[in-house]
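Structures are listed in the sections that come next.
Each of the next two complexes has chain A plus one other chain: chain B in the first, chain C in the second.
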Partner chain A sequence: MRSSEDFRIAVFLDRCEGTLDHLLDEEMIKYISDLPQVVFCDQDENLSSPGRLEKLTGRLTKGQADRAVIVGGSPRVYEQSFRRLGVTTDLDPYMFLVANVREQVAWTIPDSKRAREKAKAIIAKTIKETQFLSPIGREKVEIPKEALVIGGGIVGIRAALALAEANIRVILLTRAKDIGGKAIQLAHFYDRPDDVSSWFMKQVEGVKKHRNIDVKASAELKDFEGYLGDYRITIQNPRGKREVLKGSAVVLATGYDVEPNTEGIFGHRCFISPPQTEAKLRGAGKSLKDEKGKPIRTVTFLLDVVNETIKIDSANAVKNAILLKRDYGCMVYVVCRDVKVSLDGMEMQYRKARELGVIFVKCDDTPRFSLVNGQINVEVKEVSTRMKGSEYSLSILSDLVVVSEKFVPSTGNQMLATIFGIPLPQEGYLMDDNPQFTQVKTNRRGVFIAGGCRYPQTVDEALVEAEAAASGVIGLLSRGVYEFDLAIAEIDPARCAACLTCPRVCPHSAIVVEQYAERNIYFTGGYEKDFKWRAARVLPSQCYGCGICVSSCPTKAITLKHLTDAQISLQVCT
Partner chain B sequence: MVSFSPRIVAFCCDKSGYVAADMAGELGMSLPEGLDIIRVPCAGRIDAFHMLQALENGADGVLIFACHEENCQSLTGNLMAKARMGYVHAIMEKIGLEKERLGLCNVATNNGAKFAETVRKQCEDLRRLGPSPLK
Partner chain C sequence: MRDRNVLIIGGGIAGVTVALELAEMGIPSTIVERENRLGGQASVFACKASEKCNKCFACVVDNQIEEVTRRPQVTIMTESTLGGVSGEQGRFKAEIQSNGRKMLLDASALIIATGVDFFDAKRKPEYGYGIFQNVITAHDLDEMLRSKGGVHRPSDGGVPSKIAFFQCVGSRDETIGHLWCSKVCCAYALRFMKAIRHGNPEIGTSFFYIDIQPLGRSFESLLQSCRQDEGMRLIRSLPSKIYGHGRSTHLRMRFIDPPSGEIVEEAFDLVVLSIGMTPRGDADGIAQVFEIPKNEEGFYGSPPENSGVFLSGACKGPRDIGSSMVDAKATAQKIVQYLGGI
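== the complex of A and B ==
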């Protein structure tokens, strides 16, 4: 700690438009001015309004004070404006503290005498706390305009195109032999009446021809390291040759897997999966026939047997039901627990289907199936018209039963989660940083996820996500540099015992263990020449400054620059 | 028992607890004057040491205000705070301090009323328990 003469404090009082007039009067100003180390004390009507803070700091002569205290409202009000101010003046943007006497005193303690005592205590404590402040500074990271997109499905393609159009060089990696993915199976999208294949092939061609996009097919992901602006991905091609690719940001769009449902009667030729339906519809001419040439008259869509929370099936079923009814005159039943219409334009499609005469049957239990003359008899207990004591079952003799495939997380998700450091919840889909606030972003700055690796979604939703991820990347990359305050954790390598606690607890994968410390005070053995001890290091651009590692470190080697242990101890003790 | 005004140290997560505390102020809810609010970037920042230090230095009670579970912006910060609180509870039991003096409350940013209510309840509990024997 420095000696007490070293620092000079400027105190700014904010009367908050008269709210704090009774607290911050002449007597209080005198009390504050008499406190040790306070060199400047002035007040203003409303510091949070634009320009006022600049005006007040303008009264300070250069070098008069090296740290500041604002007495007034919540620190959340002043932080932003003070940090902006720190760029233009010689005050460090982090060398200031706020004594919150509005929310914590004026509005919550009605008794004026007690309020005054409490306010004095808070101000004195805050002024005392300033001794622990140290300059924080800013750092810049160069960000070349390069991005990596992993996954060659429709989401990856759309993200790559969006990035390439923003003049960012993109490397598109895919495990498959060619880009395209699953969307190519669809005959058309529910909200797009035209033929999809020509539209989609155009997109694929666009990716292949774009001068900003490199496509690397048959690439197996092996390793990932680095930080925002310098991510490095190691890939391996089928011949075993490894290659390291660099990018400033990463979009993960690896999609989901499907498991066909072929157990028991589901293996019968009358049961088909949605992709097969799509293929049948695309291949059909004027009339729909099955393999033996018999015309198909009745089609039953079976929903909610496997994927109960995923709405892709509902969208596909309604979309295809309309086609079958309108173009081929089939009798169409949709057997489901709930029709999921929470999609853009889906309500209208559902209404259209109802108007055309598609019959929706609501049931609670899984229907029973039996073979009758080469047709499938679907026996359903219909519940939507259920009254007390009455319940009737419905027999639907169908030529074709469409049963959904099971959507499962991609088998690669586990590996992705491990090498990217993204949390993988029980369901097996990659997790956003915070599902409520920051979708598409992950816990690592500069790594985005979109599409089926988050959760299976319909095409239009997935495309929106792809664009969201792409615009997230563009937002980070467009300025060419990433500038940030060094309000982060810092590790003293000499004290680090390399116990690997902090890389494990860090929620943002911002800590790596590197071979760089000169020596280590916890290592008692002899040193060889040029021996370097491994120690943990915080990647500055990845750190969010949450301080979880600080309190987890068993050797207390980590300090959080903007809230040191000493600061907390001081606040706790007085 | 003579009524006294207990000193409560409240660690508030910057993402939820502190905003809730601000909101309690905005709503004009009365808070006890012995309440000391300490702003931390995440509940996971709070060391077991700090909880004990607060009790040692004359706090009658300690409260931790963290985000709701599975809604922490740092993924597991609130769970870590909870685990550390369990650890400190064990220590408190050993040295003969009442466990009720240290508590954790999950709040959202708009839970100003819940914040004030929790503090008021803790205050009542502490009045019942009496001043901290460590004072």
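== the complex of A and C ==
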């Protein structure tokens, strides 16, 4: 380490719009200026307002200082703007610290004498801490304009098209024999007149004809590794042949699964699922008949027994109830707990269904079913008509009962979460890095999720998510390189015992264990000259610099470049 | 075309997020905002965490604004309005009135992200907003939590013992012609109740609703935790009228009690109206300038294809902060495609 005499520290005081005037007065400035190594000390009324920091640091002459301290509010206020100073100063963006005398002194210590002492202690400690700073530097990784989209449903198709249209080469992978997915089961959209199958075929054709898209069907995922700009997926075809595919970024659009309910009476031919209803309506022609040729007169939709907080079933029930009532003259009942109208235009559809004569029945408990002369008697505890003495106040003799299939997380999610390193919460859907701040982004840089693998949603909502995920990929790929500060963790391979603790705790899948270490302090000899030891290594572009690995490394082989252990000790011990 | 500016009308959460997303792609943009600050309607909300984060998105707004002001690719013009637009698609010339000055801006594409207005609760006089002090809107409650850190009765400053939340005030209401669901208010009010009961477990809360509308992936657990809390009553019934008395802090209301089907009367000392969203009062002007159709509800429908005009966020229909942001990201994708890719 360089001797402390070499430091030249510039101190900037922020009076925070006068709120720190009682602390940062003439005497304090003199105190700071007299501290060893301080070569510059100046102040400003409000450093957090735009342009003020540039102006103050501009007063430094070239080479006058090599590190900086800001005395004022919270580091959050200054950190980003200091790091973006760029050419206006020759100070390194990471060679600076903040002494927070606002939150830690002015707001907490009313006694002025004690406050002054505390402020001085904090400032002195911060100036001492600057000895541990070192320049951080930047690095670049090449990002070819190639992406991988996993999942051949409507979300995967939309994301692939969006990326391809932005001039990105796309490989679209699907486990199924062909692209398609669940959306094709729909006969109509609830909100527009387009016929689903022709709209859908247009999308599929669009993918197959696009010069930027390659489709790999019947592909089973086997392995995933790499980093932003160089992700590699290993797939296996049904004949057992493996192939490695490369891409700079990945969109996961693997959808959700459904569990049909066919237990007990639900196995009866009068109970059908929503996709069967759609199929029936698509092939119905002019009249609606059951398989024995008897006309269908009464249809009951049963909602909210499963999927209570998902809007899909409710939207489809309202849409199909209108069709059944208007085009086939059926009596239609919708038995539900809540009518989900929180979709664009849905309230209008709901009103329309009611005006046509569709009857919406609300109940909190599961209805009772019985078989009466080949029809299903649905008995409901209707909430508003419940009368004294009769528990089940309403009975609906139905030719058809549409029972929802339960939406469940895809069985593949566990495997996806494991091989992609994405957290899988208890409910079983893949998790965004932060559901508020970084929707559709995962904790692994360059890996995005969209659609039903996040949670089941309607076609419209899922398509918007597909485009949002594509937008994220385009943003990362647009510059051709990814440039980042090396404010990351660094592993000393010689001290690494390859215990695999850090790759397990890293939330961003940024640590790999490779055979690359020249030396290893745990072995003293007896190996060949060119032998390399196994040791953990940080993938710089994947690291977020969070420090979790640093604190869990049993051999203290990892350091956080922008916040060393020595700095933390100094902060804690003084 | 990429070096040319994208003009964003509206600096709310949707406009700000589009600008950030475009900046990531290296596409410069200008945000024109009528008010003197960014954030729009989304910036009035308070954090609604209870023992854990309830995913209300209030914290995201400040973060996004802070982020956008740092982007060199984004020009922000506050206290500015759009005067008019000339030129053909892809080469627009927009006239901006900024602080009394007029200027012309080139734009390769235009994004309308003008958002929504909130329903004026005074249009439902039976609920007594503006008449009884202890009838407030959910936004007043947000303001109260944001500025004072807790809930109190406006009439005397005391901590209320029973709070009623009225859903669908200005939404799903034929009497005022608002035939749409505002989508967000159920989750919004339930989060309020969680946050209030966390801070003051002695306060009983009642939630009067038509249908509970789910919102987002975490809604299931939110609803379950509300149902399990005995201090939260979820009542499927909307009171018809509020009766108050000048000298009393209490407000009486009459509603049908769902389990018995009988009309009951109950007193509360604070009523919170969950006001919905409505199309903006000045929506017609912009619709005319850009030839944007309006849908049955009065929100914007899709602009003509290849016109170079795009919509983003709640101007298309009510949206919460989260979906507005996802929608804004999707809009950015459409823009980059329109501008010929990367």
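Basically, the second predicted complex is superposed on the first by the 551 of 574 C-alpha atoms of A that agree within 3 Å, B and C clash if a C-alpha of one lies under 4 Å from a C-alpha of the other, contacts with A are read in each partner's own complex, and residues count from 1 in each chain.
FYI, a residue touches a chain if its C-beta (ideal position, glycine included) is under 8 Å from a C-beta of that chain, and two chains touch if they have at least 3 such contacts.
Computed from a predicted model, the values in this text were never measured in an experiment.
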(message) After the overlay on chain A, what do you see for chain B versus chain C, clash or fit?
(response) fit
(message) I'd like to know which partner A:S81 touches here: chain B for first, chain C for second, both or neither.
(response) second
(request) For A:K340, decide between first (touching chain B), second (touching chain C), both and neither. (result) second
(request) Considering only the touch criterion stated at the top, classify A:S478 as touching first (chain B), second (chain C), both, or neither. (result) second
(message) For A:D25 in the superposed arrangement: first (chain B), second (chain C), both or neither?
(response) neither
(message) Between chain B and chain C, whom does A:R102 touch in the aligned arrangement: first, second, both, or neither?
(response) first
(message) Using the superposed model, give me the angle at chain A's CA centre between the CA centres of chain B and chain C, as a multiple of 10 °.
(response) 90
(request) Go through the superposed model and pick first if A:Q436 touches only chain B, second if only chain C, both, or neither. (result) both
(request) Return first, second, both or neither, reflecting whether A:E465 touches chain B, chain C, both chains, or no partner chain. (result) second
(request) Using the touch definition from the top, say if A:S552 reaches chain B (first), chain C (second), both or neither. (result) first
(message) I want to verify the contact counts: of chain B and chain C, which reaches more residues of chain A?
(response) C
(request) Aligned on chain A, what is the least Cα gap between chain B and chain C? Give it in whole Å. (result) 5
(message) Does any part of chain A touch chain B in one structure and chain C in the other, and if so which residues?
(response) 436-437
(request) Could you pull out which chain A residues touch chain B in their complex? (result) 74-76, 100, 102-104, 107-110, 114-115, 117-118, 423, 433-434, 436-437, 443, 505, 507-508, 544-548, 550-552, 560, 562-563, 565, 568-569, 571-573
(message) Taking the touch rule as given, give the residues of chain C at its contact with chain A in the complex, in rising order.
(response) 21, 24-26, 55, 57, 59-60, 63, 69-70, 172, 179-181, 183, 186, 211-221, 223, 236, 256, 258, 261, 295-297, 299, 316-317, 322-323, 325-327, 329-330, 332-334, 336-337, 341-342
(message) Taking the touch rule as given, give the residues of chain A at its contact with chain C in the complex, in rising order.
(response) 50, 80-81, 84, 145, 162, 165-168, 308-311, 338-348, 351, 362, 383-387, 427, 429, 435-437, 439-440, 454-455, 461, 464-465, 467-468, 470-472, 474-479
(message) Which residues of chain B touch chain A once you look at their complex with the stated criterion?
(response) 9, 18-19, 21-22, 24-26, 28-31, 33, 35-42, 44-50, 53-54, 57, 59, 71-77, 80, 84
